[in-house]
Structure formats: C-alpha cells, structure tokens
Amino acid sequence: MGVWKGIDFTKMFYEFLAMTLFVYIGCGVAMATLDGQEADNSWRLQVAFAFGMAIMVLAYATAHTSGGQINSAVTLALVVAQELSWQQGLANAIGQFVGSLLGAFLLQFTLVDAIEQTTLGSNTVADGYSNMQAFLGEFIMTFLLCWVVFETAVDPRSITRVDDQKKPSMAPVAIGFAVFLAHMVLLPITGCSINPPRSFGPLIVAGFWDEGGVLGDYWIFFCAPHCAAIAAGIMQRLIHTDGEICPKRLEEEPVQLDEVETNDMLELVNNEEML
Amino acid sequence: MGVWKGIDFTKMFYEFLAMTLFVYIGCGVAMATLDGQEADNSWRLQVAFAFGMAIMVLAYATAHTSGGQINSAVTLALVVAQELSWQQGLANAIGQFVGSLLGAFLLQFTLVDAIEQTTLGSNTVADGYSNMQAFLGEFIMTFLLCWVVFETAVDPRSITRVDDQKKPSMAPVAIGFAVFLAHMVLLPITGCSINPPRSFGPLIVAGFWDEGGVLGDYWIFFCAPHCAAIAAGIMQRLIHTDGEICPKRLEEEPVQLDEVETNDMLELVNNEEML
Amino acid sequence: MGVWKGIDFTKMFYEFLAMTLFVYIGCGVAMATLDGQEADNSWRLQVAFAFGMAIMVLAYATAHTSGGQINSAVTLALVVAQELSWQQGLANAIGQFVGSLLGAFLLQFTLVDAIEQTTLGSNTVADGYSNMQAFLGEFIMTFLLCWVVFETAVDPRSITRVDDQKKPSMAPVAIGFAVFLAHMVLLPITGCSINPPRSFGPLIVAGFWDEGGVLGDYWIFFCAPHCAAIAAGIMQRLIHTDGEICPKRLEEEPVQLDEVETNDMLELVNNEEML
Amino acid sequence: MGVWKGIDFTKMFYEFLAMTLFVYIGCGVAMATLDGQEADNSWRLQVAFAFGMAIMVLAYATAHTSGGQINSAVTLALVVAQELSWQQGLANAIGQFVGSLLGAFLLQFTLVDAIEQTTLGSNTVADGYSNMQAFLGEFIMTFLLCWVVFETAVDPRSITRVDDQKKPSMAPVAIGFAVFLAHMVLLPITGCSINPPRSFGPLIVAGFWDEGGVLGDYWIFFCAPHCAAIAAGIMQRLIHTDGEICPKRLEEEPVQLDEVETNDMLELVNNEEML
C-alpha cells in the first residue's frame, strides 16, 4: 500500500531494540534497587542517572541508523517540525511501543519471585500533587527535552558539532543529561515519564501480572509529553523558518562541493594567470 | 532610541528561556527532593549535580544563538573583557532576571500544596558562617566559573576545540562541572548562588507567597558574583591584551582563506616552476 | 609455530595491564567501601560508577594500541564479527585473564588485615534470584555492551566520530556508561560480571586466601557473557554484511585519497576546459 | 642566571592558580560536607567526584597555557619522559606547592569558626592499613594517572584527538575520571593524595592553625606518587622510544604541509600530464 512508501523498516527495528533495552535498564534499576527500601534521595539520584545515561548510550548506538529518538514525543516533535515524514514517525512510534512491551516482559521475568509486588516502574501521580501539577511538570520537562534535541541534534550551527558540516558528536551527552534533569525534578512528583512508550510497557505488563494496574493516570503520561512535543515543534518552525536565525536543514542542502571548489580553483587559475 | 541599536532580541529571548528552565530545574530538584528530609550528603550531591548539568545542557542548547551565559555574572565578565557590548549584555541580563521570575513562579505552582513551606531555593548564609566568609566563597567560585568560561569558550587556543578555527564543543562540559564544583563547596555555606538572577526569582516569588522572605542576604548574592566577574574580566584583559599569550578574538578575525590558499598555491606553482 | 603469526604481543600486554588496573580499581572500590557497611543504594551507585568510568578511562588509554577491549566477551564479539583475528583475540583474552589474577592479587595485598573476610568482588547469584534469571540478566546487559561497542567504536558512520574517516573519540564515553548501566541493573542480582576475566581473578585469589570460594556460579559468568557476545557478533554480521546498512570495515579500506583527489581534480580540469 | 633560561613564568602562574583553586575546591568539599557527619559512602562518592571533576575542569582551563598538570607527580613523569624540561618542571612544581598553601589558607579562612576541628583534607593512613599498603595503593593509582596522561594527552595517536594533528579534546575527561577512580579506591585507605602538592598546603596550614599536624605520614604522600611518576615515565620512554609503537613527539615534528602538498600536487600534475 502507498502508505508504506518511504518507510525504512531498519530504522523501526533499531527504535524497537533501543526501547526494549531502555525499559529493561531504566525500570530495572528503579525496581531492583527499590526492593525493601524507601525511595530516598540516593535512590532517586541513581534512577535519574540510569534513565539519563541509558538515553545517552542508546542515542550514541542508534543516532546514525534510526536517528536515536527512543521516545514518541521526540518523534512527534520532529514530525511537527517537518524533520521527519509522518509515515516514518508512525513506524518508529510503533516500534517504540512494542519494544517497551518486550522490555517490560523481559524485566518481569528477571525480577519475578525475587520481588513480590512490583509496578515495573509504572508512573503515577504522587500523593499531594494534583493532576494539573503533574501535567505541568511533564509538559515543561518534555518541552526541555524536545528543545534540546532541536538545538543540539538538528540545528547545523550547534556547538555539539565541530563544524557545520560535521556530525553532532556531543548531542547525546546534552540530550541524556536533559533526561537526567527531568527525572531529578519529576521522580518525586510523577515518577517521571516524559516518554509515552516507556510508561506503556510497564503499565500493561505489570497490570497483566498482578491484576492491579495503574491505568488511571496514563492519560497524563500520554498527553502531556505529546502536547509538549507539538509546542516545541511549532516553536522550532516559527523561529527557524520565518526568522533568519537558522538556515533550515542546512545539512540536507549541503554546499555543492564540486561547484564551489571549481570556482575557487578557477579563481586560483585566474590569480595564476595574473602573475 | 540609539541605545537599542545593535541589540539582538533573539539572544535576549534565549537567555530568558534558558534561565526560566534553569530555575525551574535547579530549584525544583532542591525543593521537591528536600520535602520532609534533611539536607544530607546525598541531597547535596544530587542538587549540585542537577545545577551543574542544567548549565551544561542549557549551554549546549543556546551557545550558538545567545552565547549560553545563563548568568549575569558571566555576562558582566564578557562585557568587562570587551567580548560583548554593554547594550547586549544589559539586554541579556534583563532577560535572565525576568526568566528567573517566571521559572520560580512555574515552580511555585508545581509544588504548592504538596510542600507547605518552601523557600524555592532562595540563598541564605548558613548558621556558623559570617557574611565575610559567604562573600569570599561566592567570590572565589564565581571567579572560577568566569575564568573557565574565558579559557574554554572564548580563548581560540582552548583544547575544548578540535582546532583553533573550530567550535568549542567541549566547553559546556567544563563549564557545567565548574558550576557543579561551586555547588559542592558552597551548598553547606550559602546554598550556592554564584548567579544573581538565579537567586532573584525564587527570592521574590517565595517572599510574595509565604510573606517570610530572605531579602536580607541578597546583597551578598548580587555583589559577590558581580565583583568576581569584574575581577576575572580584568585579569582576562590584562593577560590576553597586553601580553602575547592569546591573539585576542582570533575567531572574529579569521584567516582569510581565499588569500592564504591562493598564496599557498602560488608558492606551489613556483615550486612547480622550479622543477 | 604458525599459530603465533600475526599476533601483536604489545596489544596483549596492554590488555593485560588494563585488566590488572580494572580489577584493582573496580573490585577495590567494591571491597574497601563495603567494609562493615550494608550494600545500600549509595554503595551500588558508587560501585557501578567506578566500574563504568574505569572502562571509560582504560578504553581511552588503550584504544589506539590494543583496541581497548578489557573484556573477553567484547574480544569474542569482535572475532565473531570478523573484526579481529581469532589468534589475536585468544592472545588478548589470555592477557586479560592473567591481568585479572594480578589485579586481584595486588588488591588482596592492599586490603588484607584491614578487611577480614573479603570476596574481592567475586560474583554470586543473590538470594531470591534463580540461575536462569541471573543468566538472562547477564546475557541482556552483555548484549547491550557488545552492541554499543559495534555501533560506536566499529561502525564508521557513528556520531562518536566527527567524520567517517576520523577516530571514534566519544566511543569510550558511550561504552563506559553502558558498563555503568549494566552494573546498576545487575549489582542487586549477580554483583554484575558481564566480563568473564574480571570475575576470574577475584574468584581464584579470594578462594586461595580464605578457602571458601564461590566457584559454583562461575559457569554463569563465563557462559552468559560469551553467549551474548556470539549473538551480538552474529547480529552485526547479518545486518552489516548482507544488508546495505553499513559499508563494512570502511576504516580498513580507506578511500585512496591520491586516486580520488586526482579524479576530482581531473573532473575539475575537465570543467575548466569546458569553459 | 642560566638556570632560568627557557622557563615560561606564565605557565608557572597558571599552575599556581589552578592548584590554589584545586585545593580550595577539593578539600573544601571534603571539609564543609563532613561537618558533624560520618565519612560514609555518599560522602566518599561526592568527595571523589569533586576531586576528579576539579582536575577535569582545571585541565580544560589550563591545557593550552601551562599544560594542565596540577600535580607535581604528573610534572615529574613528563620530565622523566623528556616531554618537559627539568627547569620548567621545577618552576611548575614550585607554583603548585605555593598554590596549595594559598588554597589551604583561603579555605581555612572560609571554614574557621563554623567547623571547629578541621584537618583541611590532610592525608593520613587509616586505621587497619599498614604504611606498606598505603604506599602500594598510592603508587598504583598515581601510576594509573600518569599512564592515562601519557596515553591520552601526549600520544598523538590517542582517540582523545579527532585526528593525529588535532588537540586532545577528550583527554581531560579521561584524566579527570582517573583521579575520580583513585579517590574512590584510596579514600578509605589514605584519604587519597596521588598529588604531593595537594597534600602539602592543607598539612602546613592545618598544622599551623590547630597545632596538631599530621606530618608523620607525609613522606608516603610525597614519595609514593613521585616514585610512580618515575616508573610511568621510564615505561613511556622504553615503549615509545626503543619500540616502534609511537612516533615520538609527532606533534612537535609536524608533517611539513607545504612540502607534502607540493608532492601530492606534483603527482597530480604528472597524472594530468599522463592524460
């Protein structure tokens, strides 16, 4: 069917694989280290650091193949900013949601028996916080993430690149630490999603296993990140298309080197002839 | 009016946006994780790490647009060293102070009800330390920050750049960890400001909400960082203008490549002719 | 004998030296800081961080000489993917196992008397977890490590490189944090091996000293990482040889620059002649 | 006098400034956060992280001016390996020892009254460990540091450089984390020196103030790092001079580009003539 035209299934596979590992690692750290202990400051630091560095590592591993989104909110932001076709974005998102299910399933198998009651890192709004507050927190921190992705991985002028024509070799560090910061702020409030597929797998698998799911709050962890992604994508288009700030998609319209060099050389030849 | 000439309001906007997020993240981590717990070592480590990595992430996000100062002390140091016009510096500082207010306001809305009494991360001199000691600590650590900015982000010879003509792609890492170190040293003494706008928003918003402000010590957090910035800026000018250490602003007087290459090629042609 | 042909003993020496230091550091942190304390969250964070950053530091130190494997599972994965000859791989592995023995011996000498009963960081399956669960965890996290090595240090398109022809200057950061993540997940389950030589030395030396070895579980820490390495190596060959994703071993068949430039220049000359 | 010939006093000044800040930061974190608390795991993690990241930040700040040694052991290792003249090395070391005194003095002024009894981060051999064990630990970890400096900051083939001719832009990260690892291992054993000047200032200033110095163990913290530096320097010379591993000091004998390009171009011209 026509809709499949232009979809690269290898990219979908890498998004699937990366999300499987992301859920296994991030939720694995959250669960295996919480067993019989309180969620204190040292627990939060290590969980936030694990989620953040997992994104950094997996973004390095997949940036050159799938683009290293590993988050349907980031995928949506790129689609809104017209950096990614909606067909490929949808395929990537499907890969991410399925990967999250597999990651949560593998994690459940690794932890079952050892840890009796585990939510597998599902997100809920903590006591004392309203849904509105949770939505605001998830919105702001997902907006931060999408903005950092645009500025460090998409913008050709970013100093994550050694040169405008080079690869953004430092972008995964900035993006990974943006995820770390989101978890540092939101772990006490919502457990921190900012990533709808990452919340989906643990929710379904934990619900399937222990019959006591937490589906009630999932609309927040689905809507808030995607709304923030749309907002970040629109801001990116407004600033970088209408304004003069960024020559949009510089890397897709590379300076045509043969022409340029020809001209330089011709100039050179002319200079030579002037001797 | 003539005073607005040469001011880039896009840069002011990015400084505003970055400071909004910086206050929301940094003070958010300090507040949300302190709720009902003591300020122990693990709390300090995570707060210092969050403030430091927030500067790193936001510096990567804004270095190519606004310069990524996110601190009026850094802005002032650049003005003193004549790396930035005072008009643009003033505009950036205004953006930073307004952004700090917005960040503190959004944070207050996120935390209110859940956390009854919160200072929103305002700075005060801790018991047992004198104002002089607090001033000295804030001065030394802001001096470190401004010096690291000059050496890693301004000096064209810095090894944060792959080459003298390239972007300082590692500078935000060095600068972010300088901020981390300042917080590690100063959190037990002053709560660590080294950044007048970052202290301003939480002070005003917390005072407006709970009527028990901490305005008394703010002169330290306004004066000490700005004094250190002036000292660092003067040292930079003395060493790098009068001495021969650094060809000042090498990146603004780039080697004119066509001329150079022409000459090289001419030399080459001469060499060929010598054959 | 012919089998020694093509073996670079300098590489073997560097793998030996790096593994000696890796075991001394990693197991040293695990032991010296555990003395009389419980294995709580802050202990786990620092042990995981020490193991991960030790791999990062030692990979930077040896990448340009031995390739910086410091793990027989990584060595095996490279052999399976035909990035390394089996003779050199075997030599490297022997160097690693001997280095682990020396590192554990030096560590035992540093700690003996001060710490009465120490396992020197040997791995065991924790109470509550089955051998199957331990095997699964070790398999998945070693698979992550080998995959990250292939994508960041072997694939010429990786954004760890500024350019396809350049060195993977960010790869040790990604690889080091993959090791950190593995320890964050597996420390509560197996103590985290993912590295058969690293588990070997402490096992032998601790058994020799206190007569109460933990040899029983070593088959898991030998087999699971090596099985994952074979799986990752096969996936690498399937995707990157049969598919079109990666021009295999681009860095070993470098573009012959003189020929290319000659052709470009000829084209240029032709273009000039067309004027 | 002739002995001062070839000494760059600007380099000496930067080593002095960096060591002043290093002692103020590192020992400041160790002291200010220990007040009234036990030296537990979370204290150790933050102290090790602060010392390590301080070296990273200060190495980025001074690498292009003084070489960023900030440690007389590293300076000695470079002198032994003939990468630095002994006159400049001596000047740098004097700058370091004086900077350490100033840093400790400023720190004492910042903390006095608030913290009654402080050793300012002086090093001692912990109870239960022998002098021999302390010496061995300090020796091995200083050897690691010097080896990492040689491989990442001196060797032109290191992957800390994008290219053989480029700056080692990732070297301070590797070196900083080597210092972090040394502190993680040695904090429970000796408090971790691996840096004779860093131990000197706090020892003298703390002794001057509270009359109860800890001079007794200083010979270990002076001799062990310097012995390790000599060992690492000799290994460097043996491997990289006699062997063929590293074209020694490639960066000081750069390929003469005009000659090379001339030849390439001549070859090109010949190829053109062959048409």
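Each chain carries a letter (A, B, C and D) given by its place in the written order, and its residues are counted from 1.
What we mean here is this: contacts are C-beta pairs under 8 Å (C-beta built on N, C-alpha and C of every residue); 3 or more make two chains touch, one makes a residue touch a chain.
All figures in this text were calculated on a predicted structure; none of them were measured in a lab.
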item: C-alpha-based rotation, chain B on chain D, 0 to 180 degrees, nearest 5; value: 90
item: Interface residue overlap between copies chain A and chain C, same or different (over half shared); value: different
item: Chain of greatest Cα-centre distance to chain B; value: C
item: Chain C and chain D, separation of their C-alpha mean positions in angstrom; value: 27
item: Length of the line joining the C-alpha centres of chain A and chain D, rounded to whole Å; value: 37
item: Set of chain C residues in contact with two or more other chains; value: 40, 42, 45, 161-163, 169-171, 173
item: Chains that touch, pairwise; value: A-B, A-C, B-D, C-D
item: Contact set on chain A toward chain B in their complex; value: 40-42, 44-45, 48, 126, 128-130, 133, 136-137, 140, 144, 147-148, 151-152, 155, 157-163, 169-171, 173-174, 177-178, 180-181, 184-185, 187-189, 239, 243, 245, 264, 267-268, 271-272, 275
item: Residue ranges of chain A in contact with chain C within the complex; value: 10, 17, 21, 24-25, 28-29, 32-33, 35, 37, 40, 42-43, 45-46, 49-50, 53-54, 56-57, 60-65, 106, 109-111, 113-115, 161-163, 166-173, 258, 261-262, 265-266, 269
